[in-house]
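Following this line, the structures themselves.
You will see chain A twice below: alongside chain B first, and alongside chain C after that.
On to the complex of A and B.
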């Protein structure tokens, strides 16, 4: 798993590249735990190169969502592959998290 | 077709397990979603056994045996941990509550139970066996 960051004034975009499992999810958790993350209005997760997600990866997002919401930070996923989106659907997480097709729509939220 | 794999109890081996399951299913023309779901279910069980049952003790190992044909996928996962998962302890996750609590774990078995057709845990002597089964029959049009 490789995580590339791009920050603008109010938005942090994380490009996830690879597979998010019980081994690699620690890296993502470390990124989202950084205090400065809560200073942005939006955290966008670009899932274009995310080829796999397990419950450990989902757990990282589940565990940070409330803290983001309390701090007024919007967490938005975009460019998600169908097989990754399917994992969110199996649990019903697609209705609890904001997932949009493209970066344009993610930016407009 | 039967396939076997032995790994040490390291979470770094989860990718090895996913590749093993993927390779075993390559000739069965599954959709990308079906294939990913089966790989995910096995990954979840193996991660639980490595991390929770065996405490990531790399001196311990797991044995996996896959039996697959046109109609069904089956896998047996053997380990020797004293700390056996008890299916009776399973509760359906309350996701809004998990989010409110900032809970990191607890959804893996829900994925396994929703994906697989049969999930069994047994102990024979000192050996634990988890068996997962999934029909590969295509739904009738």
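On to the complex of A and C.
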């Protein structure tokens, strides 16, 4: 798992590359726990290269969901592969989280 | 050996008997009344015989007594020697004085009393010699070789022969008698060279030994002087004692004592060196014992520090330990934190902090001179293994050239021993921890195993088959059944995120919630409200779990309530895998596409909006396949997932079979797909097949 950051004025974009399993989800959790993360208006997650997400990986997003809402930070997923989207959908997360097809739409939100 | 034991038992009576005989025979030679009563002068050979027998029995008796040396208690042996036989010498002197006193008060010509005192003193002297000689034997033979032991026995035998000289009234022709006596004397001198025991005394004990040996020599002198003086007394009627035997014994006893005295005195100056060596060995021993006891690291370090300071006789010292948080000074001895800091800084400047370092002339090196320390020598000994550094020991001495190479090698041994014991302790700790975790997992596994229903529900209107496998010791999958009144069946399946003991704990919680919420509500107004509908159940479960589930954890679950009377079922899917279903009327296999959020994701009332009930009227022949993600996410060698499509295809092929067979077919296909791949996640599979109603069910 590789996490690449790209920050602009009000947007933080994280590119997730690889499989988000129990061990790599710790990395992601460290990134999202950083206090400066909550200072952005938007946190975009580029899922183009995310091949797999385990329940531990989902748990990381779930645990930060409330915090992001409280701080008024928008969490947006885009470029999600079909099977990863399926996992979000089965768990019902697609109704809670903003998942859009492309980066353009993500920035537009 | 019976003979020896019998001999031992009779020696004491025989000793006394022979002495009485000697006394009587001596008395018979006097001019007193007693002699008359004894029937006049007895033949000479009786006196000689009894005298020889007495000497022989006393020696045999002493020889058979337990070793007077207890362990390494040499001083104790000498002390007993002074107290016991020393007392005999005092007795001898007092007997002599009494005799003198009586002589002065009641001048008489009667030799009886005189002869009695003489015989008594002779006995005391023999006992004294025997006791002394056998005490010396213990010292001579202390850690002796077999050869030396044999030599000692020969010495005893040869001495015994000298007893026969007078007995047989045979004196070897001159100058052979000198050769024999002189030769045996030299033998005794040779044996007196065995003084190894002196090395085992410390300084104080050596002084004590010197004094005790002087006392023993004095006691011996008392006897010798007495016998020398009395030799020319006109009243001496008794025959002269067995000269050669007693003379040789007295000589050996005195010479050994004298040699011991000299050796001890010459050893006194080196006593401190021996003591230091002894201390080193003892410290080493203590350190080694500590390892075996498996004490704490702190204790090992403290022990190492104390031993090193004591052994090296350091004036100041400290121990620095390297931990993950940084360096800490653990032990200090007469040194201030400022001094430690300044020395360490200096060593670091010269990059010397991690190596063995010896500076015996601190005032001669510029760096240390500027620190103005009251010390002349410094030694630094790192504690390290091949893998890591543990810290270092620093020692200071006031004088220059305080440490030598030998000190360094001892310190090295100490250090390596300490490192070894610390590593051992850490290994023991790790293995204990592992064992504990293993044990915990085993317990959790047993608990979880007990949570899986052992008996499947049986009824005439359905057929159930189940399969469950854990990826690791403890997984997060669970399922359960509950028969409800009125031919209803509740089926719960789910998956707790995470693994291990926590997951098992949440599984147990879920089962508790299931059984608690599925209780009949007697206050319900209608039949429908007696049991919570699945969506209501999920909402309540979500509320219950909200308080105890950790932040990143969630649970997926599906609850099915099947009602035979109405031929239908209702279910709710809380983020769990879609239900695969074979519709016998439509002859079609499909997934129920319902929405529903996992439990514990939203932890407030708004969860209610995210869960729906789905009603369906089943027909006999319908098949329901319920599973966890471990099935559809199982991977093959190409890291592809088994997937919902392949599962659907499998049911299309097998729906006409019995539930058991359908399950087996799916599992066989799954095994074929993921052959050679490790199990990624727990796998649970339930197959329910609805059957046509039968009049007499086995309810």
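Following the convention adopted for this analysis, the second predicted complex is superposed on the first by the 109 of 109 C-alpha atoms of A that agree within 3 Å, B and C clash if a C-alpha of one lies under 4 Å from a C-alpha of the other, contacts with A are read in each partner's own complex, and residues count from 1 in each chain.
Here is the rule we use: contacts are C-beta pairs under 8 Å (C-beta built on N, C-alpha and C of every residue); 3 or more make two chains touch, one makes a residue touch a chain.
Source: prediction; values computed, not measured.
Visitor: Based on the shared chain A superposition, would you classify chain B and chain C as clashing or fitting together?
Guide: Once both complexes are aligned on chain A, chain B and chain C clash.
Visitor: According to the stated criteria, A:30 is in contact with first (chain B), second (chain C), both, or neither; which is it?
Guide: neither
Visitor: Check whether chain B or chain C contacts more residues of chain A in the superposed model.
Guide: More residues of chain A are touched by B.
Visitor: Contact-wise, after the overlay, does A:55 reach chain B, chain C, both or neither (first, second, both, neither)?
Guide: In the superposed model, A:55 contacts both chain B and chain C.
Visitor: Given the touch rule stated above, what does A:39 touch, chain B (first), chain C (second), both, or neither?
Guide: neither
Visitor: Have a look at where A:102 lands relative to chain B and chain C in the superposition and call it first, second, both or neither.
Guide: Neither partner.
Visitor: For A:63, select first, second, both or neither according to whether it touches chain B, chain C, the two together, or no partner.
Guide: So A:63 meets both chain B and chain C here.
Visitor: Using the superposition on chain A described above, determine whether A:8 touches chain B (first), chain C (second), both, or neither.
Guide: In the superposition, A:8 touches no partner, neither chain B nor chain C.
Visitor: Looking at the overlay, what does A:83 touch: chain B (first), chain C (second), both, or neither?
Guide: both
Visitor: After the overlay on chain A, which stretch of chain C ends up in the same space as chain B: 417-425, 471-479, 525-533 or 561-569?
Guide: Comparing the options 417-425, 471-479, 525-533 or 561-569, the clashing one for chain C against chain B is 471-479.
Visitor: Which parts of chain A are touched by chain B and by chain C alike?
Guide: Dual-contact residues (chain A): 29, 55-56, 58-60, 62-63, 65, 83, 90-93, 96.
Visitor: Which chain B residues qualify as touching chain A in the complex?
Guide: Answer in residue numbers: 11-12, 14-15, 18, 32-33, 36-37, 39-40, 43-44, 47, 50-51, 93, 95-96, 98-108, 110-111, 114-115.
Visitor: Which residues of chain A touch chain B once you look at their complex with the stated criterion?
Guide: Listed in rising order, the residues are 19, 21-23, 29, 52, 54-56, 58-60, 62-67, 82-83, 86-87, 90-93, 96.
Visitor: Note which residues of chain A are touching chain C in the complex, please.
Guide: Chain A reaches chain C through residues 29, 55-56, 58-60, 62-63, 65, 83, 90-93, 95-96.
Visitor: Using the touch rule from the top, collect the residues of chain C that touch chain A in their complex.
Guide: 495, 497-498, 551-554, 556, 574-578, 595-598, 600-602, 610, 629, 641
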